Each structure stands twice: as C-alpha cells, then as structure tokens.
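Note that the chains are named A, B and C in the order they appear, and that numbering of residues resets to 1 at the start of each chain.
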Amino acid sequence: MKVALFATCLVDTLTPSVARATATLLQRLGHEVVVPPGQSCCGQMHVNTGYRREAVPIVANHVRAFAGAEAIVAPSGSCVASIHHQQAEVARRAGEHRLADEAEELAGRTYELSQFLVDVLGVTDVGAYYPHRVTYHPTCHSLRLLKVGDRPYQLLRAVRGLELVELPGAEQCCGFGGTFAVKNADTSTAMLTDKMANVLGTHAEVCTAGDASCLMHIGGGLSRLRAGTRTVHLAEILASTEEAVTPDQQTRPAVSA
Amino acid sequence: MSAREEVLSRVRQALGADRTPPEEVVRDYRLTDGRPAGAPALLELLVDRVEDYRATVLRCAPAEVGATVRAALDQGLGSGWSAGDVVVAPGLAEDWRPAGCDVDDDRPAVQLADRAASVTAVAVAVAETGTLVLDGSPACGRRALSLLPDCLVCVVTADQVVGSVPEGLARLDPLRPLTMVSGPSATSDIELQRVEGVHGPRTLLVVLAG
Amino acid sequence: MTATVPPKAPTFLGLPTAPRGVGHLRGDQSFPDAARGALRDGQLRANLGHATSTIRGKRAGVVAELPDWGQLREAGRALKAATMARLDDHLEELERQVTARGGVVHWARDANEANEIVTRLVQATGTSEVVKVKSMATQEIGLNEALEAAGLDVFETDLAELIVQLGEDKPSHILVPAIHKNRAEIREIFARTIPGVDPDLTDDPRQLAMAARTHLRERFLRARVAVSGANFAVAETGTLTVVESEGNGRMCLTLPETLITVMGIEKVVPTWRDLEVFLQLLPRSSTGERMNPYTSTWAGVTPGDGPQEFHLVLLDNGRTAVLADEVGREALHCIRCSACLNVCPVYERAGGHSYGSVYPGPIGAVLSPMLTGVEDNASLPFASSLCGACYDVCPVAIDIPSILVHLRAEHVEAQERPTAEAVAFRGLAKVMSHPRLWHLAQRASRLGRLIARGKPTLPNALPPPVSSWTRSRDLPTPPKETFVESWVREHGS
C-alpha cells in the first residue's frame, strides 16, 4: 500500500525521530511511504485555542497537501482526532462547504498509527525487538475521541524483549491540553506531577504513548526532575529491531533522526 | 410585557423562526425486566437490593403478615414496645395492624413525630433498584406518616414487585403525591461515604409477603 | 459582589444574560489565579482526591450493572433535545397543569425578579423563618442573601449545605457542596457553631449526621414556609420532582403550610414516562447508587397531605440566552448529577471554588459563561485540558469539550481590539497555510539551538509565554533538520 505520512507540525519540528520511526516501520512492513512536502499542521491548536476562523486556511493547506493520497497515517492520536472531528466543522462554519466536504473525505482515509496497523494492515506483531521495561499512557484523544482501545497494548505485547507494566491511573490526563499547559500552567503542572508519580511508581525505563505532544509534556517533566524514566513514542518502539539496538542506545530511540 | 410573556418570547427568539422539529426519541432501553410481577427471582432481587441499603427484609406467607409486622417492630423498637408507640396508615389491612395501635387521622402532621414507628403498605416495589413507592392512598398513608416516626415498616405483597423502573412508574398515578423510598434516610455528604440515618426514618424494615 | 455595576447590561447572542451584582455566577478572580492558591492547599487536594476517587468507583460499578446504559443515555439526550425544541409549549402546558391542581405559577426574567417574588411570598405568610432544600437555582440567584436582607432567617437543611452555611463558606460541588471539607474539619465547624452540641462529638460521619438531625429537627417541625428547587417538572401532569437522600427534602416538601419551588425553565420534561429514563440515569451518575433514598413527586396541592399553598417560580436568568446558542444549548440538558466534576482532573485538583460560580467543574465551565455572557467568565472555557472524561460520563451525553472549544472561539471573536495572542495566532495561521513560509519558520526555530549551547534541552529561564512551560518542564532543543527536510533531501520531493 502507498501510505502518505503526516508527520504533524510538532513531530516534524521538534521530534523528527518519531516520524522517521513511523516511516521505517511502515517500509519494513512492505509499504511504500510518501511524505507530501506541502504539509504543515492539522489546525488543532488554532481551533482549540479559539481561532477557528484562522484555522480554515490551515485546514485548506492540509487538504491540498494530501489530496489524492490513498491512506494517510499520523503518529498522533490528537491530530488524527482533530482531522476527524474538527476540520470539516470549522470549514463548514466558515461557509467553506467544498473544503468541508474534501476534509471529511480525507478524514475517512486518515488513520492513527496503531489503528492503521491493527485495523487496516491487520498486524499486531510488527517484528519489533525492544528489551526494556515499558509502561503505556493512553492519551486522552486516542482513548476517548478515536477509541483506539487496546490496539497499542496488542502491538506492545507482541514486541520481543519488552516487559509491559501497567500504569496506575492510566486514563487520567497528563495535563498537556495544548495551550492549556501554558494558560493554566499551575493546574497543568499539578496534573503532570500525579502522572509522573504514577509513571515513576511503575519503575519502568520507558513511558510510551501514541502522541508526541503528551510525551513532550510528560518527558519534559521527567527530564526536569532528572528522573531515569524516558518517554519514547510508540512508533519508535515498534520500529526498533535487534539490528538497530546497540549497547549504548539502551532506552533511547532506536532510530535516530 | 409581563415576565411570562417576555420569557416565552425570549424562548421563541432563541429557537428562531425556522426551529428544527423535535427529534424522535427512541426508547430501545429495557421497558420490562422480562419477568412477571411477583416472580420468585424478582422477590429475591428485591431482598438483595433492599438489604444492600442496610434495610431489613422479613419474608412471610400472606397469612402471616400481622405476626411478621409485629416481629419487624420487635427488631426496630426492641421487644418492649407498646401499641401506643406505633401509628399505622388508615387504610392498612386490619389483620396487618398490631392490636390496639394508633391509626393516623387528620391530626396536625407534626404530631406524628411523637410516635416511634409507623406501618404502611406500598403501591409498587421495584426490584432492580430496591425501591418502595408510597402513593398517598389510604393504605400508604399521607407523606408525613412515613417520614416522622424514626422506624418505618412497609408491607409489600408479591404482586406489587416489578423488575424495572419503567414498569414501576407505569403503575403509578403522577397526580398523587408519591414518595419513592430506597433504604433508610442516608447521606453521602461527608467524604462521599454513605451513612444511613439522617432526617427521615433511621430504620427501614420491609415485610415481604408471598 | 462588586459594587461597580457596568452601565451596559450583559447579553449573549442578543438575549439578556444573568444580571451582574446579584447571585453567584461570577468569581472575583480568573480561573488560573484562583486555582494557583487552591493547588497549594494540601488539605483541599487530599479531601478532593479522596472523595472524587470514592465516587468515581461507585458510579462505575452501578453504571456497569445496567446492560442498557448506552440506550438510556441516548434516550436521555434525545428527550432533552426534543424538549428544548418545544420549550415554550412545554412551559405553557406545565403552567396550565400546575394551576389546574391548585398551584400558583410565577415567571421570573432574572435573579432579581425571582428573589423579589420569593421574598414577597414568604413575607405574605407572616413568618420570619424559611427552611430550604438544597437547590442549585436558588444558590445561583443568591436567594438566601435576598431573604436575609429582607430580615428573614434562612435555614439550609441539606447536611452539606448546613456545613457550608455554618462554616460561612461557599459550596464547591453541585452534589456535595462541602466536598472540600473532611470529617475532622466538619466536626470542628459543628462543635463551634451548633448551640448545645455534644461536647464529645467525634468526627465519625454518623455522629456528625446525628448532630445535624438534632439541630434541624425542631426547625422542621415548626417551619411554616419551605423553599425548594426541582429536578424535573412534568408538563403533561404538572408533577414536580425532588431527588434527595437525607429526608430533609421530604421534611420541607411535606410539613410546612407553604411551599415555594424555584425552578430553571430547562427542568421541564414533557411526559411522566420520561422520568423512567432520568430516574435511572441520575442516581447512578450522581451518588453512584442504584436509586437515591428518597424521591418525592407532587402535583399542585393535595388536600390533607402536605403544603396547602404551592408556588412555582419559573426562572430564566440567562437560560434563554444559552438556548439561543446552537452549539451551547446542549448545556441546558444538564440534570446536575455532577459526574463530570468527579471525573475531571482539573476539578479534582483546583476544586470548585476556583470556578467562581455555583456551577463548577466541566459543566460549570460551559454553563456559567453562557448564563453570564462569555466575557464575564472568559477564563472558564479555557479551564480544561479537553481530555473528554466529562463527555464520557455525562448521562445525557453533553459534548462538553466541543462546547468549551466553541466558547473559546466566542471569546476570541468578541475582542474588539486584537490581543498579542491573536496577532501571534493569526501570523502563525498564515505561516502554516503556506508551505514555504512554514519551512522558513521551522528553520527559524532552530535559533533555539543557539541558546541551548549544545545541551539536549533549552534553558529554564525563557521569556513569556514560553516560561509558563519551562517553569516546570524542560523543552527539547530543536533538531538540526526537520523530518520533512531530511526526507526530501534523501528522496527528493
């Protein structure tokens, strides 16, 4: 299958290794990966901060960039949820009905990574090797908007060498929430503290999730505390193989940017 | 413009001239429990649910209601109670009443607070939620009767026990003053932990006949 | 409330909102400011964490018991939507039925009018004491203050409301207004304020409940006027419903000669049968019980049973403005169960007082700004991480996250002069909709590498608004190359 990769603005700019890992994984599974160079952002940050009118040209750019793609995959539950639930709505509200229809049609072919792997490709064992103790944080939009359910767990359980430990209070938000983390920084930090306490309580080496944004939040907090636990995106774990893991890589992403 | 006219006109303005017609409500939830009223399994369920509220259920044959009401009062008041401690609904079946007990009349309602226990019938009981409904009929008595005495004994007959909330409500007359009772008075206001016994009767005893 | 009343009466979508200067819908501080203090209150955090996790567990248990919860929830949503679409007809029918059964119906445009009506009705009875059943509507309009200003004594009779009243505190939860207090604090309040209380009173919740019983019993027995709210009002029969636990509601609804019920106009339901849905949804969602201990219903006046004088006050106070918002009107479907508060990670940490309104938590964050006009509660729609837990548990499926996002936009679009934030977001929108500009901007972000000086994270001390992030979390140093750049370099475009 020819898969168009939507890196998302945050991953592309700040954590390119996540997009790289997604591409590596899909290629390893025998699929052709294309990266439309005109891509930027899904518009979620604008919509969720109140700039729904301003989001419309961003949506239009996204639709333009991915026009004609057979299947679009993004390593982000949150961005995919926005594509599914917000893009057409903000376009329609702005009177851009044609754009809304196009966005809706594109959303139908847009998948979050774990859903794409399990539902579209029908694989749970992607042949990954990752010899670490890992806990999984189900991010809110993957969990509640996309309802990815146990798909990430299915994928993680099939990873050789990986010890999966249950995260207490897993379904509680980490406190990121986009601009919430800045506008309500104190409350956000209080939520983060409890999330980190639960993560650290598992004694996992790695906390993983399907959203780079939430991981940047949790990881930013853990890094500030100089905690030993790292955040690694699900795509990076699934992209890891025995060949790619070297002694000095340990819990770092096995695929470098 | 009167407040009435103004509020109504605001509602109309808010909904707009071309308001969307009300959507159809699909009632595909369980309308019945599937078991007929009084089915043995429903009686078991009612007992389980009522006891879960820390109320007491005494079961008996239909002919033994009178004796069982007395046994319930023994439990609720201690064995030393006298007929004068107990006030019953005016329409309560004669053979359910403790001999010589007080029968509620048109006295001021607050005077019922002087009695230690009251005995009433119910209009319907819902097994799934452990709910007894009193409907202000002569057998159930007025609302104050089941409220002011600290111990309440309700007599339920098997044919009054239905499975689900929809079945229960369907048997009731919404024009009557209804009281739905699920266990003794309780509160969850302190640390969201349930504590039985606040302003209503602190003891609820259910006599289930049949 | 503040003494300065701005000259322009607030409106929302062209309809009058709840007026300023009366009631409890507006706080003195923005949410982030109020939350900052609350987050430092360790006792509050512990009390809230304990209480909300207890109730979350109970709710989940009893909801899972019902195989048709999903169908009930959908029916509840549809019933409310259908009711709102014909709200005027249902209100007129309710008025006809209540009147036909001996009740008197009053209409109140806003809090001031409702307070005047109730005060006048109480004064007409010649009594100076009023007993009250817990009611969100009367808290919203500040009825107690209005009655007290008229020289009347008001007694809250719900245990939690009593705790709040005796502690000269404010409610912080819809269902459990004293949720922010633990048993030891409640014992202290009772020991200090209840005349003649047992000096050996312990903090055992049962003993505390008994102290409240003793304190209020005599007041119930002598009360001549009661004020209540209503959970539901059935239009076709004129039947009012109050759902409660302690029996204080029954005392108030049954013993006094006069009953005055204040009800928001959105509480009407068309038919008796509709209660078969709501009486299943509400108790399981609110206290996590299969059924609450007591539900009372009455239609008008019943000779020989209960109050012989019944007044129903139908309250607007901004509700029609909410109804005018096609996205936000769903918030009127709320049945005040408070399940959304109990699952909300923001509420659990910041507490109810941070919201500044009697309606806290997720539902408050949408309802309060619409009742007052968004600009009077502009920080509330932003007081959410949009995690969506509230929508999942809402028994009538109110899509609270979508309404929050909608109100954020209403706030942004209400600004007459562009804010610095708006300038930034507009600029960013332009950049993000032009790939060439976007790639330039991404390259510019690499300037961060200079300040990082080879370290994996950026320095902690950065200018606002980035500082709000870096105060508690590290930011990664931007990479040398974006993913798209490296991919194009390797594969061509």
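Convention: a contact is a pair of C-beta atoms (placed from the backbone, for glycine too) under 8 Å apart; a residue touches a chain by one contact, two chains touch by 3 or more.
All figures in this text were calculated on a predicted structure; none of them were measured in a lab.
Student: Among the chains, which is located farthest from subunit C on the basis of C-alpha centroids?
Tutor: Farthest by centroid: A.
Student: In terms of C-beta pairs in contact, which two chains are most connected?
Tutor: Top-ranked chain pair by contacting C-beta pairs: B-C.
Student: Closest chain to the overall C-alpha centroid, by per-chain C-alpha centroid: which is it?
Tutor: That would be chain C.
Student: At what distance in angstrom does the C-alpha mean of subunit C lie from that of subunit A?
Tutor: Taking the mean C-alpha position of each chain, the two centres sit 33 Å apart.
Student: Provide the C-alpha centroid distance between subunit A and subunit B, rounded to the nearest whole angstrom.
Tutor: About 53 Å separates the centre of subunit A from that of subunit B.
Student: Just how far, in Å, is the C-alpha centre of subunit C from the one of subunit B?
Tutor: Going by mean C-alpha positions, subunit B sits 30 Å from subunit C.
Student: For subunit A, which residues count as touching subunit C in their complex?
Tutor: 7, 9, 11-16, 19-20, 23, 35, 37-41, 43, 46-55, 57-58, 60-61, 65, 86, 140-141, 143-145, 171-173, 175-192, 194, 216-217, 219-221, 223-224, 257
Student: Note which residues of subunit B are touching subunit C in the complex, please.
Tutor: So the residues of subunit B touching subunit C come out as 2-4, 6-8, 10-15, 19-30, 49, 52-53, 106, 109-110, 113, 126, 128-131, 136, 142-144, 147, 165-166, 169-170, 174-201.
Student: What residues on subunit C touch subunit A, complex-wise?
Tutor: 31-32, 35-36, 39, 345-346, 349-350, 381-389, 391-392, 405, 408-413, 421-422, 425-426, 428-435, 438, 442, 445, 457, 460, 465, 468-469, 471-476, 478-479, 481-484, 486-488, 491, 493
Student: If you look only at subunit C, which of its residues touch subunit B in the complex?
Tutor: Counting only subunit C, the residues touching subunit B are 13-16, 47, 50-52, 54-55, 58, 67-68, 71-72, 74-75, 78-79, 81-88, 91-92, 95, 101, 106-109, 113, 157-160, 163, 176, 178-179, 182-183, 186, 205-206, 208-210, 212-213, 216-217, 220-222, 234, 237, 239, 245-248, 250-251, 253-255, 265, 272-273, 275-277, 279-280, 283, 287, 289-299, 302, 304-306, 314, 316, 320-321, 323-324, 329.
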